[in-house]
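Pasting the structures in now, so scroll down.
Both complexes below contain subunit A, partnered by subunit B and then by subunit C.
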Partner chain A sequence: MKIFLQKAAAHYGMIGVLLLLCVFFSAVTYSDQSPAGAAGAAQVAAEVGGMGGAPQVLLVSSAQPGDAAFAAALARELPGRGARVVAAVSGEPQAAREALRQLVADGVRLDAIACTQTAGAWLLFADLAADFPELGRPRLVTPRSYRWPNFLKTENLLNIANQIAVIAIMAIGMTLVIVTGGIDLSVGSLLALAAVLVARLIRDYAGGVAATAWGMGLAGMAAVAACGVAGAFSGVMVTRFRIPPFIVTLAMMLVASGMAFILAEGQSIYQLPDGFIWLGRGASFGGVPNAVVLMVVLYGLAHVGMSRMSAGRYLYAVGGNREAARLAGVPLTGVLLGAYTVSGLLAGVGGVIMASQLKSGSATYGNMYELYVIAAVVVGGTSLSGGEGKMSGTLIGAFTIAVIQNGMNLTNVESYTQKVVLGLVILGAVMLDKMRQAR
Partner chain B sequence: MSGGGPLLVMRGMVKSFPGVQALRGVDLTLAKGEVLALLGENGAGKSTLMRILGGAQVADGGVVEMEGRAVDLGTPQASREAGVAVIYQEFHLVPGLNAVENLFLGREVTRAGWLSRRSEREEAAALFARLGVALDLEVPCRELSTAQQQLVEIAKALALQARVLVMDEPSAALTNHEVEHLFGIVRELRAQGIGIIYISHRLEEIARLADRVMILRDGAKVGEWPAAEMSRREMIERMVGRDMVDEFPPRATVPGEVRLEVRDLRRGRAVRGVSFAIRRGEILGLAGLVGAGRTETARLLFGADEREGGEIWLDGKRLEIDSPGAAIACGLGLLPEDRKVQGLVLQHSVRENFGLPNLSWLAPRGWVRRGEERRAFGQYVEQLRIRVPHQEVRAGHLSGGNQQKVVLAKWLARRCEVLIFDEPTRGIDAGAKYEIYGLMNELAAQGKAILMISSELPEVLGMSDRVLVMQQGRVTGEIADARRASPEELMQLAFS
Partner chain C sequence: MNRKNFLFLACGVGLLSGCHKADDGAAPVLGGEVKSRGLIGVSLLTLDNPFFKVIGDTISAEGGKLGYQTVVVSGDRDVAKQGNQIKDFIVKKVSAIVLSPCDSKSIIPVIQEANAAGIPVFTVDIPCHEPGVTIVTQVATDNYGGGKEAGRAMIEALGEAGGKIAILHLKQAESCLLRVKGFREVIAEHNAGGKGMVEIVTELESGGAKDLGYKAAEDAVQAHGDLRGIFAINDPAALGARAALEKAGKAEQIRIVGFDGQPEGKLAIKEGRIYADPIQFPDKMGAQIVEAIVKHSKGESLPAQILIPTSLYRQADAMKDASLQ
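Let's turn to the complex of A and B:
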């Protein structure tokens, strides 16, 4: 048990840093929240229903998005509570004033005004008793506000996951490569290449904006496969010709970036069907973005592969001591080739997701991404000298970076300052990890 | 040799590491012009004591005096200034710099900011003359032989005016010829009044070189004796702390029919047409000087290097061996000469190291059966008496003997029929040595064919049934009955 705890602390120490960051940003973004949409409507409906009798209700909502859902849900629910909606207004205060005048003209008595929080703050309602005494004394019913961190809102958390999905997926491949003692600098460029390739294939061969799901799927797979070939090529250079991985993938980074620009012919390719955004922006699984679902599935596979399969053992052994691994019968060439190929494939997956998120393909995507990916892996506790590291650590590393970026966006830190902070935090996180290990 | 009093005195040295009391109050004295041999099993505290002397580690307690004055040896610099030079097993030379540059690294001779290369060269030449050696001063150190690099280290110590010189296993990587030369230099330095602390596992060297022997066991001093009065056996008994009935366990296996046959193995100049056969239950010794091609032959046999010619037959079947993986699949196992570099992934657990060559049966469909792995390894821990706190301990944390047993367990679990032991007891203490020998005999008794490479003559003769002597990539001699041969006979074959 003690051994297990020691191991857990050694492997998952970074999770503490991540939790601290979450607590910090939660505290900083703690603020008033007003329930909107259906949740707000239910609360208001309950309060109006509790007034007793058969209250006559005016429904007011502003033109903000989400308010429409509020109004619709309320209009559906109020009759069931015994209330009668005498009029519904949506839009500016002016429209509400018109409606009130109309009610006065019709001689209607008003018991309650149900409105969203924004509408409830309109000046018009403050002077209601003075301006429209004929209406009686209607009660203003708005959803009650509560305090909750912006950071911890479900949409925001899903947003963080969706934002980091691309980097996190690429970091899986990078972890494999770094565990073998190598490095892959080409992933950022391969991402751009995949994005351009998938966009061009759809535009030129799958029917452009009229492309079918099958066509898009095939185009995506072709783009991913092309990146896999590029990764395999790097692997051959590393194993067969014994060129250092740093040099090989640096060259591949330039080649892939150049090819992306050539294929894109200097423009951004946007002639894509609306359905193409399913992967990057859709959420077909209970509100969780599809890219996040894919990320979770890939991490699950990678974790099991690394910890439970002989292939994973071989990766660690090759990175830990190449000669000892070879003399123990580990197929060195196959293992290294596999790691670089998977890294290429996953960079391709990242490219397709990004093209889908932005609904276009451009050669400028993924600039500097290789460095963020490496940062995620290193922050996750994987040693650059190889032989050690965990998939779960990499996921934590990726989320650490995402949380810092998101938290600074929420607190309005400008983007240049964000870079400075991010750099320092990466350094600090790894330093903490080293100090903890040295103890 | 003036002064009368001792050159160096260490009194009541204490040092502990988490969980280990490495030194429990050790005293040491060294006179001018004396060679003190420091003996002890691995983990006895020799290295810790010497690292404290060299300033690489700080003692928890104890006093160090140089010529009667207390000195503080907190850092390597302080130790150097006090007149102590330590030559560790791993040399501290910059491979790309030549001998002169290495000699003056960190204390370059400059004139108005410019390197004064000529005066550096002259001083270096004078130093090497004092050692009585001629060395190419212009060649980068990586191109020098191990023996030559060692000379540069010794010259470095002299250049720093060291009065106490510590040599940790200086002969381990040298050929017999070079060892003779080293002895000449050590005697010369002794004559110049330098006090020398000499650490070695090769006991026959001690009797020839040392004035006094000091033995450590479990972090405490066992005693001191004049070297001339001690036999090899007495030294071993005092290190181990019990009577040794025999240095090598007895064996009663009669070799059977031929199992492994190697015909005309070739690779470049290192291995030039080596043929031999090993019979069922036989231990074949491979002797010779360092560089004679013994390890290279073993690596060719195991597929670790590509062979240019030759055939390998096992039990009448020709084997296609083109990689270590293929050799393992054919039933061969190699215990390499350098366990730490070639035998184990030090930062991984012993269980994972054990599993590595066994995944083909532990993970038949790619899924590692960890329970099975744990059970199998546990069985070998018991059978080989491997001392591990638990299966997740890192291989690097084990002593040499236990590491070697883990490597052996890897191959036993694969049911290897041919085992190649390359320097099986290098850096292993006497007690563990005896256990390894016993295991080798047991394996032979099971009918396996064993090839053993060793530079220790008593070991080759004591363990093998038959010995082949190699020289310059060829088999140049054979001793048919190793138990009856003398080391002198063997040396003659190796040098002829």
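Let's turn to the complex of A and C:
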């Protein structure tokens, strides 16, 4: 058991770092939350009912999700507790002000204002006594808040997964390339190229905003295929002409970025149908975003491929000792070509997802993404000198970066500091991992 | 803010938990009466341009006086990054989102998410006039009026002789299109008078940046040896152009009118390297945004757009400017 744990720690040290980060951000984002929907309504109804007499109540809810349920439940429950709802407003503060004016005009006295916590924070109610003295002194009743970390809210966790999906998917291809001892700097530009391509294909050939699902699917596949071709081209340059991968993919980065700008004519292409956001922002599988589902599926496939199939073994062999691998009969050219092609294809997938998330394609997407992708791979424990690395590690690395970024946004850290912290944490995480492995 | 950042940094580096509680969301009573009014989430185009930095700083300062907490982040011209920042604001349930979109089209779905979450969205400097999004109000410089002022400054700089001028443009920015529109109208009006004709001979892309402004001005001087004036749509482009003119030995012959009034631009005006700038007031824009947030929260009505006029800034103004002493 102890040996097993030690082994696990050595292999998955990064998961400890990730968990530590999660604990840290949970602690610092521990804050007041307001119960939404019927639960909040029940609290408010009980409190208003406890006021005694027959209180006249104004019901206010903002336009947040769950507020409609809150308002409906209150309107149902309040009369049963002896209170009378004189008016109900939902939406903007301006609507509430209108309602208050109307109540003054009708000569109504208010005993209570029952509202959601968001509405309760409106300045309108803070100055109520000064602005509307005719209403009397109504009590502001909001649901009691409970404490829970913002970081651990379900919507935030899904948010993190959705934010990192693109980088994580691209990191699969990057892991393959880095395991062979190479590097692929072109993925950020290929992402932009794919995003612009899919947007243009849909706009110009699939019928623009009236495009069908088939048309969009084909456009997406064409964009991904184009990036695959670009990746294969890099692969040919690396294998056939023996140009260092750094140079080849640097050139490809410039070429792809330039082509993306040419195709987009320097603008963003946005004439896309509403259905196009299905991939990037839809959630067809029990509330989990589709992009995240795709990411999980791809990681599953990649993990099996890397650890259970001969192609995966070949990758490690090529990266570990190229000459030995060649003598052992590993098809060098095929393996390298395959790695760069897959990296290109997955960058294309990332581009299509991003175009879908933002419902437009622009050549400015993906700037610096190659570095984040490489960071995710390296933080995940893959060695830049090749021959070593795991898909599960890469996924953990990607999430580590996402958690740091999201956590800092949640804790109000400003942009400059974020960069410093992110850089240092990446460095620290890798250092910790190395130290643990050395022990 | 700084202290908090520092503490955070210390915590982040150490990867240790529980050493500091970054307070947000809670409603402490600050100095007696003023209660926390909630959090304003601000995501600006970039923070490496002092213009946006001043907007962000002013929102923090003015908001702080009224009991708002603020978080200012930079979209770094990357709309995907900005989208993530807005989504994080939504998770935090901020009271208001202030935005200068990195891309008015691509940001639409994200603003729609904020709309759906019932969080009021305000835009500053860069608008998002797209169907399907709800923006409470847009605060911006009166770029059209500023362009007209630039036109008048150019006519004044060239004097009775008039002459050929070039425009260094940034066509993808709507604000710059408005500036050039105002500029051209004033020049056309002036030319209709028949005296001291000003001829716009070329309009080049400057990227609104020093390096590209430099190249564009170099080309303009090559093509038109008798050029007498350049209107650059912002200070970096104007300063780039000035560097090119100095290199070409034409600094005396050609007058430059810029736009913005950034510290570096103002200094150049003081030294006579740029003739004049219609200057913008990022501090007023920040203050207007906070005022708009308060008005919205009080349920008062707001116009769809609040324009801040520019004012023309010449060498004489620079001499008196305390910030340049």
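Annotations for the structure displayed:
Everything below uses one rule, namely that the second predicted complex is superposed on the first by the 330 of 439 C-alpha atoms of A that agree within 3 Å, B and C clash if a C-alpha of one lies under 4 Å from a C-alpha of the other, contacts with A are read in each partner's own complex, and residues count from 1 in each chain.
Convention: a residue touches a chain if its C-beta (ideal position, glycine included) is under 8 Å from a C-beta of that chain, and two chains touch if they have at least 3 such contacts.
Only a predicted model underlies this, so the values are computations on that prediction, with no experimental measurement involved.
Of the two partner chains placed by superposition, only subunit B is touched by A:Pro331; subunit C is not. Counted by residues of subunit A touched, the larger count belongs to C, out of subunit B and subunit C.
By the touch criterion defined above, A:Gly387 lies against subunit B but remains apart from subunit C after alignment on the C-alpha atoms of chain A. Once the two complexes are overlaid on the shared chain, A:Ala210 sits clear of subunit B and of subunit C alike. By the document's definition of touching, of the two partners only subunit C reaches A:Leu424; subunit B does not. Residue contacts after overlaying the shared chain place A:Gly266 against subunit C, while subunit B stays out of touching range.
Of the two partner chains placed around the shared chain by superposition, neither subunit B nor subunit C is touched by A:Ala105. Contacts of A:Gly320 after superposition on the shared chain: subunit B is touched, whereas subunit C is not.
In the superposition on chain A, A:Ala130 makes contact with neither subunit B nor subunit C. Residues common to the contacts of subunit A with subunit B and with subunit C across the two structures: none.
Taken in their complex, subunit A has these residues touching subunit C: 17, 20-21, 23-24, 27-32, 62-65, 67, 92-98, 118, 121-124, 126-127, 150, 153, 155-156, 159, 163, 166, 266-268, 270, 277, 281, 354, 357-360, 362, 364-368, 404-406, 408-418, 420-421, 424-425, 428-429, 432.
Within the complex formed with subunit A, the residues of subunit C that make contact are 1, 4-5, 8-9, 11-13, 15-18, 20-27, 35, 37-39, 47, 69, 71-74, 76-80, 83-85, 87-89, 91-93, 95, 102-103, 105-110, 115-120, 172, 294, 296-301.
Considering their complex, residues 3, 7, 308-311, 313-314, 316-317, 320-321, 323-331, 387-388 of subunit A touch subunit B.
Note for the complex: subunit B touches subunit A at residues 302, 304, 323-325, 327-329, 334, 336, 341-348, 352, 355-357, 359-360, 362-363, 366-368, 370, 390, 392, 410.
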